[in-house]
Amino acid sequence: MGEPRLETLLLVLDLIGTFVFALSGAAAGVKRRLDLFGVFVLSFVAGNFGGITRDVLIGSIPPGAISDWRYLAVSLLAGAITFYRASAIDKLSSPVLVFDAAGLGLFAVSGAQKALAFGLDPVMAALLGMLTGIGGGMVRDILLSEIPAVLRADIYALAALSGAAVVVVGQLLGVPATAATAAGALLCFGLRLMAIRRGWRLPVAGRQAQRKASAKDQGDGR
Amino acid sequence: MGEPRLETLLLVLDLIGTFVFALSGAAAGVKRRLDLFGVFVLSFVAGNFGGITRDVLIGSIPPGAISDWRYLAVSLLAGAITFYRASAIDKLSSPVLVFDAAGLGLFAVSGAQKALAFGLDPVMAALLGMLTGIGGGMVRDILLSEIPAVLRADIYALAALSGAAVVVVGQLLGVPATAATAAGALLCFGLRLMAIRRGWRLPVAGRQAQRKASAKDQGDGR
Amino acid sequence: MGEPRLETLLLVLDLIGTFVFALSGAAAGVKRRLDLFGVFVLSFVAGNFGGITRDVLIGSIPPGAISDWRYLAVSLLAGAITFYRASAIDKLSSPVLVFDAAGLGLFAVSGAQKALAFGLDPVMAALLGMLTGIGGGMVRDILLSEIPAVLRADIYALAALSGAAVVVVGQLLGVPATAATAAGALLCFGLRLMAIRRGWRLPVAGRQAQRKASAKDQGDGR
């Protein structure tokens, strides 16, 4: 489980990721007019679900989000700021999307780092980084009864995977962990923001199939 | 993991909590006209998801709900009663809400007790009690494709947290576990019922922000 | 945990189950017009959620789906096939349902086998087999914001439980694991397919209760 430096780096990344995902959860909650405690619950879940899932899957029990009060504190702080300064948050253009992109990048790299530290092989560490990144946003959307952004959005899971892959490749090449982590987080954040701005999209299944499916879809009444 | 008495207390609380949450799940399932087995699945999930999550997070593996047949038995019993006596259950006013409130109180205190027994620190034990309490109802609502009551409802997560906090503070002050547990469960149940009856609400974010958000919401077509 | 043969059997069943559930997830994703990566995410989640849940609950950490690259490989393969051959998949009548039924059978028996291998008692091993079987399809439907098929569909969880029970009873009677496993998977698959074709249904709660509930339902505006 390595040197104290890596642990500190992981903790800091995790806490910042928790904070920004908690902001995204709180902003979504305020938008849906939840009360103060509902906003807190959504902050905590959005901010910590990805990390809790990662910790459970690699066997780091109890998960940091449950055993370390700082995760709770930053989640509640994010919830309170969003709730009482909702108009300020509202002025940022599409704040949920931007916080979500930042959280995605931070959790993707911290997830990959922690999975490597627990001895998972490189490919799986990158995958787990991706899962850590997309977990919080997925459950935030599920709780609000929406189809998760990760399934619809442009270059979402792919951005997370790219960021996580940079960390893993960096370790294989012997690049210092700090540098690889920063590069991975920035790559993921940048890819996702560019995809939102420029409307980058991955292909969808061939036209014919799509037209059929769409006809069926309407037949299903959805 | 302490004296046999505490373990017995935990087991009894857990089983009663499972029973009432399973009733709430089954009642929701009958209302949506699920078939017998769908009602059983919803009973089991609503009754045991909170406890399973708690056990996974504190490292009590396999979770009681999986290794002890009594959890399954009380869940199925609750499902069968609701299914075959649906009209009786229906006569109670808003039965889902009342069972849900009882389950909330029982799981909040049993979750906090078990987390303390596994050595979590006091603040986190209270939080975990809250999570145990809200877990079952959350997943019941998610399965029925609704926004979970916990996010919308008046004084829901706050009631669970209050009940769990009573247990934790009780232990710090050296109050006998049985007394603190009973007080915590009653406080949570009472708070929640009063909130339902009297329409107690926590504040929602400032009016201006709300109006904007609501305008946006409609713009989003939701 | 036992002889190498059983382990190989478990792995093969798990991988085929992952493949067919991943196909069902990918087909559902293509139908909803997700992009390539969204389809991959849905493939992976549908194919592996049941097994990951089982492994977490019995304490087999990290779960196979995270530590063994073959689970990822078959999931992505299924996603790619569905995506690029969407029209071929589309020709099969209701492909999601058929793949789903096959995955249900395979996971029900592999889940029961693995739970027995980890020392769970027979009743609980059958239950865990059922949960393993229904997990992937449940989360696939939740991600697409639908009420899971398991709650609505004819003889779904019951089919999974029957298949898992055959495995457990087979072990109690000393039947060779391979034979019991094959019989269980076929029973589950057959029951589910027959239920779909012939519209077999389990009872729903008594008419009177149903009519009342339905009246209320409309009153709720849902």
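As written, the chain order gives the labels A, B and C, with residue 1 at the start of each chain.
By our rule, a residue touches a chain if its C-beta (ideal position, glycine included) is under 8 Å from a C-beta of that chain, and two chains touch if they have at least 3 such contacts.
The model shown is predicted, which means the values in this text are computed figures rather than measured ones.
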- Message: Chains as vertices, touching pairs as edges: which of line, ring, star, complete or other describes this one?
- Response: complete
- Message: If I list every residue number at the interface of chain A and chain B, are over half of them used by both copies, so same, or under half, so different?
- Response: different
- Item | Centre distance in Å when chain A and chain B are each reduced to the mean of their C-alpha atoms | 27
- Task: Please list all residues of chain A that touch 2 or more other chains.
- Result: 56, 142, 145
- Query: Can you name the residues of chain C that touch chain B in the complex?
  - Reply: 56-59, 118, 120-121, 123-124, 127-128, 134, 138, 142, 145-148, 150-152, 154-158, 201-206, 208-210, 212-214, 216-217
- Note on the structure: Interface with chain B, chain A side, in the complex: residues 29-42, 52, 56, 61-63, 66-67, 69, 72, 82-84, 86-87, 90, 142-145
